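These notes open a run of structures that come right after.
Two complexes, one shared chain (chain A), two partners (chain B, chain C).
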Partner chain A sequence: MAFDIKGVLAPFSALKQGTKPPHTVRYPKEKKETAARYRGLHFNDLEECIGCGTCATICQNAAIDMIHVDGFETNSGDSGLRPRVDNGRCCWCALCVDVCPTGSLNLTKDYVYVSEDPDSFLWMPGVDNPEGKENLSFQSAEGKPLLEYERIPMHELEGTERVKSFAEVLLGYNEEEARKEAARCVGCSICTDICPVHMHIPEYINAIANGDDEAAVKIIYDNNPLGETCGKVCTRRCETVCAIGHRGEPIAIRWLKGYATSTVNNADLIEKIVNPEILPPNGHSVGIIGAGPSGLTAAYYLSLRGFNVTIYESKSHAGGMIMYGIPKYRLPLDSIDKQVEYMEKMGVKIKYNTKVGKDITLEEMKQHHEAILIGIGFEVPYELGLVGENEEGSIQAVNFLRNINSDRHVEIGDKVVVIGGGNVAIDAARVSRRLGADVTILYRRRVEDMPADWEEIEGAEDEGVHIHPQAIPLEIILDENKKVKALKYANAEMIPDPEGGRPRPKIIEGDEHIIEVTSVIGAIGQSADYNFIPEDIKNQIEIKRGRIIVNEDQQTNVPWLFASGDIANRRADAISAIADGYRAVKGIEKFILKSENK
Partner chain B sequence: MREKETTIYLGPQHPGITGNMMVKLKVAGDTIVKAETHVGYLHRAFEKLMEQRTWTQSFPIVCRICVPEPDPNEENLARAIEEIEGREVPERAKYIRVMVLELARLATYGLWMGGQSGSMGLYTMPQWTIGDRDYILDLFEELTGGRVYHMYIWAGGVRRDLPEGFTDRVLKTLDYLENRLPDYDNLLFNNALFQKRAQGVGIIPKDKAIEWGVVGPPLRGSGIKHDVRIDEPYEVYDKLNFIVPTSDGCDVWSRALVRRQEYEQSISIIRQVIEKMPKGDYYNKIPNPLTWQVPPGEAYVKTESARGEFGYYVVSDGSIKPRRVHVRGPAYVHGVSLLEKILVGANIADVSFIMNSLGTCPPEIER
Partner chain C sequence: MHIQDCTENTCVDQIQKIFHTAEVEIQRKKRVKVKLRLDLVPLFLSYARDYLNFKHLAHISCVDWIEENEFELIFMLWSYEASLMIMVKTRVNREKPEFITLSHLWPQAETYEREIHEMYGINFKGNERLGEFILEDWEGVPPMRRDFDTIKYSKENFYQRPGREDAQDVRETISKHSGEEVPDFAKEFSIRRIEE
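Entry: the complex of A and B
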C-alpha cells in the first residue's frame, strides 16, 4: 500500500489552532449569560400564588409538595400552602410553570446551588430565594397556557325571546359540552373550602369529566339535597375563587352541577342513584318550622340518621323562597317538586298549610319534639317609607313574585319602576318585563355597587330593563282615585367616605324628576316575623339586626331551639341556608344524643 | 500453536463509550473469539413509568431516553399521539421540529466524531467537536430553555415560538460549523492513521445488514440506501432537498464517511427550513393536561435519528395515561445483538472503536 504522506501530515495543521483565542469562558472571573428562556431554579411569587397545588399535581417527578410557610397569612380562596421543590428530583421541565394557573411560579436564570446539607436541596421557591424575582427567566406568560382558560359557553334564550314567556332562560349543557367544561378543572379543591357546605366539587366534576353522571349526582347528594336548585340559582362563591379564574374564566361549577342533577328526571331515579344509607329509627323526634332550603336540608339528613322529622310549613308547597321567590324562568316548578318528592320518599314528613303561631303553637310543637329548628326565612318586606306607599299600584317585590309563582294575576300596568338593587329587585324587574311592562330600576348607588349578581344585571339589561343608578325615590304621586300615577325621585352624587368605606349617595339639590308609572315595586329588603315565639323564649334567645344568634351548631341560647337559613345567616342565599341546615343536623344530633346519655 | 483463551470484562463503567453496559469478551491473544453483551445497569423503566403518567407528563420522561439526542424521542411521542388523536400540527411547528431534529443530528455527530477519535487516542478531536457542539447547545438553550434536555417538541406542535432573531443566529452557527469542516477533515477524516484503523474493521456485510436489523449510518455504510426521512417522510422532509449518502465499504470507515457527508446535508436542510418556514401558529393547544384523554387507538411512528431508524409504538385505551409506550431505538440492535456478531475476529483495541461506529448508546438500549 502506498504511503499516504498527505494523510500523515494533515493532522499537524491542528497546531495552528494554538494561535487562536480560546472559545471557553474564563470562569469564575467571567460568567456565561444564560438565555432569556433558561430553565433554572424556581421562583414563586408568594402573594400571587394561591396554593392550589396544580404544580405538584403535574410534576411527573413528584418533586413538589405543598407545605405551610411559617408566619405567612393568606386570605380565603387560598389553601394557605405553598410549593416546595425537591431539587434532587426536579428535572427543570417547567411543566409546573406552564400549568400554574396564577402565573406565580416561574424559573430563574440561577442554576448553581452548592451545599453540604442534602436536606437544603428542598427549597421553598420565593421563600428561600427572594432575590429570584429579579432573575426570572423561563416564564409561563411567554407560551400558551397549558390549562384551558375559556369556558364552554352556555346556551340561553335571546333577550327578546325570553320576555315572551316564563320559559327557563338557561338551556343547559349537552353531554359533550359538560364533559369538556368539566375537563378544564384542575381538581385543586380551593372551591370546596369556600363553599358554605363544602360540597365535594372536584370529585363530582371529575365524575362528569369521566362520563359518570350518576356518580356525580351521588357525590352532590353527600351534603346537598337541593343540588339541582343550586345548579340553577346558586350564588356560587366557589366560582369566585376557582384557580382557573385567576387568568381565565372560572369553571362553570354551578352549571355542571345543574347538568349532572338534571340528567335525573324523577324522584324514583334519584332514589335509585343516590341510594343513601338510612339508619334505623332511633326513636327521637325533631320538629322543623319552614320548608325552605335550610329546613328541608336538615329534615333530609336527620331522616337518614334515623330521626322522626316533621316540617311545619305555612304554605301549600315546600321550597320557601326558592319556590315562591325565585321566578320560574330561573328555576322551574317541576324541578323543586322533584327534589322535595325525593326527600319525602326518604322519610321527611311535611305538614303543609300549617302556620306555627296560628295553626299550632311553638309550645304544642315542643310537646311532640325534643328539638326544634326554625327556618322561616325573611318574608316580611321592608317598607319604602314613602308617601303614597300603601295605595293601589304600590306593591312589594316578594309579594308580587309569590303571587306570580302561585299563578295569580297581578295588575302592574305597562310602566313599572322597581326600587332596589339586589337580586329580588332584578327578579321583580325581569318578571315585570315578562308581563309586558316597560321597566326601570331605580338604585341609590352606582351599578357596580349593586348587590345583585352581575349575570342577573346583564340578563335584565338584555331583556330591556332600564337601570337608573344614583336615583333616590322621594314620593309616590297618586291620582284622584288614590291609584299610583307617578314617582318623584332625585338624582344623587356619590360622596367619598373619608374613612375609606364605600361612597355614600347624596341628593343633588334641585335635580328632581317625576316619571309617570302604573306601578311601583319595592325591593329594598325583608325581615322575619318572630311573633310565634313566646315572650319568655324570645327573652332568652338573642336577636341582633333581625337575626337570631346561634353557635356553630346552629343552636340558640335555648338548647332545644335551633335556627337556620336567612334568619340566622347574613349571607341570605340558598347555599348558606343549606349549609346551616346541614350543620343543624350535627347540632341536633349532638344535643339529643347527649341528653339521652345523661 | 493455539493461544490460550481468556475472558475479559469490558465495562460496565463507560466501556469506551458513554453509558453503562458490559461486554464479556473471550479472547485468544488479542483477538476476540466470542463477545457477549450484558446490559441492565441503567434500566430506569421509562416505558413502564409512562403508564403511570399522563400524556403530557410523559414528555419530560422520553427525552431522557437518549442524552445526546433527546429530540427524536419527543418528536416520535408527539407524532404518535397526534396520529391517534387526529390532531393537526401547524405548518410552522413542523418546520421548527425539523430544525430541531437536524440541529440535534449535528450535535450528535459532533459527539460521535469526538467519541470515534477518542477511542483511538486522538484526543484533540473531542476537544474541538464537543466545544463546537456547545454552540448548538447555545441555540437549544435559547430556543427551549435547556441545553441538553429540551422538553420542547410536544403533542400539537412545539412549546414556544422562535425567539426574535433566532434564525439569524442559527445561520451564523451553521456558517461557523461549515467552516470548521476542513479542520475536522485534516485532523480526522484525512488522517492516514484513522483510515488505517477504520478500513476493513467492524464489517457488516451488505447481504446481512438488513437481516440483522441494522439501521442508520451503519446500514448506509454497508451500501444500502435507507433513510426514513426519504422513504417515509414525516413533518416536512418531503418539502426539502437533500441526498442520502451511502458508502459500500461495510466498515467503520464507510460509516464515518456517511456521517461526514450527512453533516453537510443537515446544514443544508436547516438552511432550507429557515428559508421556507411559514409564519403562523406554533402550537395547536392540547386540552387540560391533567384530564386530557387520548382516544383509544395505536400508532407506530418512526424518525431517522442520528443513529438510525427510531420507532415508537404507542397505545391509548382512551384514558388520561398511555396504555403502552414501546420504544424501538437503534442502539438495542446495534449495541446488543449486532455487536456480538461483528466483534468476533476483531482486535481488543478495536472494541470501543467499533462500538462508537455503531452509535451504541446504553441509556437508549434500556429505556
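Entry: the complex of A and C
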C-alpha cells in the first residue's frame, strides 16, 4: 500500500477551527451585541424635544401621553410637555420614532425593565433613562422619513423680469400645490404661540389640506381681518418655530394663508364665506385715528361687537403703511381695497382725508366717542444728519414709497444710493431698480446684521441691487445748483462691544470714498408725530423712546385713550399691529362696558 | 425552454416577449418587477414556474390602495438556478376583492392566502381553508385594511391603565398659554383634539 498522505494530513485540518468563533459558551460569560436596529425601550432627548405630540397622535395603540415635566415650561416653540409611554400597550412598531419631527425620540438597545411594582408600566423616555443617549439603536431615518421635509417651491418672477414692472413677484400656490404643502403640516400648533395674533394656524392649514378653502378663510378671519395682506408680507415668526423646520423646511404658513384668502376675489364673497356673527348696535361709539392694520383690525371687530366705529384717516386710502409703505410688487392695491371694502360692508366707517389735529381736534373727537384708539404709525423719517440732506435729490424713503404708491412721479435719476438696512431701505432700493436706476445700499454694519428679512435682501440682490455693508455716509456733495451730485462715505471696521452687545462699526481713518449719485434715499428709521395730542393729555400719558406706553389692553394712562401699532410695540410689523388692534378691542369693550355698569 | 443561466436582462426580455402587456423592469440587482393584469397572473405564474424555472413561491403579500379603490397583490418567486427574484404585482378591485387560489401550483400558497383573507378580506376562490386563522372571533373590518381604525380598536379593547389621567392635550396647553380662543367651527379642523 502506498503512503497514505490523506491520513497524515487530515489531523492538521483541525487547525483551521482555531480561527473560527467557538460554539461553546464562554466563561466568564460574554454579552452578545444587540442587533444594530433593535427596538428596545424609548429614549427621548428632552432638550431636543419640543413637545409637539406627534408621537402621541400617531401611536396606534394610544400608548403615549403628553405630560408636564419639571423644568420645561410652555413657551414660544415648546409646548412644555413631554411624551410618556405605557409599555403595557406599546408594540415597539416605532411609528413614533419615524414621525418625530425633531428626531429627539429614538429606541435604545435596552430591553430589560425591572420594577417591584407589577402595575408599573409607565415609562418616561429620557427622564427614566438619561443614559439612553449612549445606547441608541432604532432611530428615525433622515433619508426616508414619514414626514415631507421639503417645501413645495413657490413660483416667482425672475430677477431680470421683475425689475421691468411693479408686477407681483410671488405668483402664489395653485390648488394642487397648496394641498400638498398643507398636507405636510403635523398640526401640532406650536406655531400659534409665537404668532402675535395667535391665529388658528393648524386649523386653517388642515382645512386647506382637506380641500375646504372656505373653512380656511373663515378660520383666518376669526382673528385677523387682513389675512390676505399677511399671506403676502407677514414677517411670519410662526415659520421660525415650525416643528417640521427642525429637520426640514418649515411649512409655508404665510403662503398657504395667502393661497386660501386669494381664492376669494371680492368683498361680497368674503362676506358670504366669513359670515360673522354681528351683535346688534349697543349704542356706544369708538373713534380710531389712522386706518392702518391696527386701526382697521380694531374697527372691524368692534363693529362686529355692536359698536359704532369711525376711523379718521388723513390720506385718501385706507391701509396705512401696508398701503403707502409696502411696494405694489409685494402687495397689490386691489388686494388692500378688497379687504377694506369688506370691512366697510361690516359697518366700519372711514373718514378719508381727515387729519386729526388739523381737520378735527382730539377734544372734538372725544365729544363724539367714548373711547379713542390711536394707530397713527411711524411716518416721520429720521434725518440722516448730513450736510446737504434737505436739498434736491435727497429723499426720505417713506416719502418716496408713499409718492410711488400714490402713483406720483418721482425723479431719482439713474444712480441711487439708499442708506439703511431695514425693510424700508430694501423696498426703496427695489422700487428704484424698477424705475430704472442703478442702486447701491450703504449699511453701517454687516449684511447679517441687517434688520430686513433675508428673503427681501436676497430678492434685492437678484434684482441687481448692490449692497455695500460697513459703509458710513459722511457728506452729501452738491453741485452749483444745490442739487445732489455725489456722496462721501467711509468704510468701517466692526469692533466688539465691551458690554457684550452686537459689534459696532468704527470708521477706518482715511478710507474715504466718493461715489457719484443722482439721488440719495435715507431709510434709517421713523418716528411718530404726536403734535395732535393736547399738552395736558400728553403730560398724562407716558411716551418712552417715541412709543406710547400701554397696558396689556393697549390702554394708556388716560383710561379712554388707547394706542396700537408701531407707536405702541417695538416689532413694527403688520401682524404685531393687527395683534394690538385685536387686544384693543377687548380693552375698549372692557373699559366702555365697565363704565356703563357703574 | 429552460433558462439555466437566466440573468435580469434575459429574464426581462423573455417575459416581455410572451406577455406584451406586462410592465417589466429591473428593480435592483437580483430582482425583477413585473406589473400585470389580474387575469394574466395565474398564466404568468405557471409560465414562470414551469418555463423560467422559478420553482419557489417565497411569499404573497398585499397593499391597500384605498384612494384608488384597489388592493395590490404581490407574489414573490425565486429561482434557485439563477438566484433571481421575480416580484409580480397586480391590482384587485376593492369593492369585491377576489382572486383564485394558487395552491394547485404551490401548496404553501394556501397558508399565505388564509392570512391575506383574514387581514384584508380578499377571497381566494378554490381555497377551502379560508376560515379563522390567527384572529379569534374577529368581526367587522379586516384589521390590515386602511379604513380599520386601529386607535379606536385599541381604546375599546385594551385595558386603560390607571395613572394616565394626567395626560395633557398639546393644542389646549398651547392655546391656554397664549390666550388663543379657538372657535368651534375651527376646532372641527384640529387634527389633534383628544375625543371626549
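Brief remarks on what is shown
Operating definition for what follows: the second predicted complex is superposed on the first by the 554 of 598 C-alpha atoms of A that agree within 3 Å, B and C clash if a C-alpha of one lies under 4 Å from a C-alpha of the other, contacts with A are read in each partner's own complex, and residues count from 1 in each chain.
One rule holds in what follows: contacts are C-beta pairs under 8 Å (C-beta built on N, C-alpha and C of every residue); 3 or more make two chains touch, one makes a residue touch a chain.
Keep in mind that what you see is a predicted model, and the values were worked out from it rather than measured.
By the touch criterion defined above, A:Thr34 reaches chain B but does not reach chain C.
Judged by the touch definition given at the top, the superposed model places A:His409 against neither chain B nor chain C. In the superposition on chain A, A:Gln60 makes contact with both chain B and chain C.
Of the two partner chains, chain C is the only one touched by A:His68; chain B is not.
Shared-chain residue A:Lys20: touches no atom of chain B or chain C.
By the touch criterion defined above, A:Arg545 reaches neither chain B nor chain C.
Judged by the touch definition given at the top, the superposed model places A:Val8 against chain B, while chain C stays out of reach.
Once the two complexes are overlaid on the shared chain, A:Asp86 sits against chain C while remaining clear of chain B. By the touch criterion stated above, A:Arg570 is placed in contact with neither chain B nor chain C. Shared contact residues of chain A with chain B and chain C: 57, 60-61, 186-187, 206.
Those residues of chain B whose C-beta lies close enough to touch chain A in the complex are 53-54, 56-61, 64, 122, 124, 128, 131, 134, 138, 141-146, 149, 151, 159-160, 163, 183, 185-187, 190-193, 195, 283, 285, 287-293. Per the touch definition, chain A reaches chain C in the complex via residues 51-53, 56-57, 59-62, 65-68, 74-75, 79-81, 84, 86, 88-89, 119, 121-122, 186-190, 192-193, 198, 200, 202-204, 206-207, 210, 212, 215, 218-219, 222-223. Every residue of chain A that touches chain B in the complex is listed here, in rising order: 4, 6-8, 10-11, 13-14, 17, 23-24, 34-39, 54, 57-58, 60-61, 91-95, 98-99, 107, 137-138, 142-144, 146-148, 180, 182-187, 206, 209. On the side of chain C, the complex with chain A involves touching residues 150-151, 154-155, 158-159, 161-164, 166-171, 173-175, 177-180, 182-183, 185-192.
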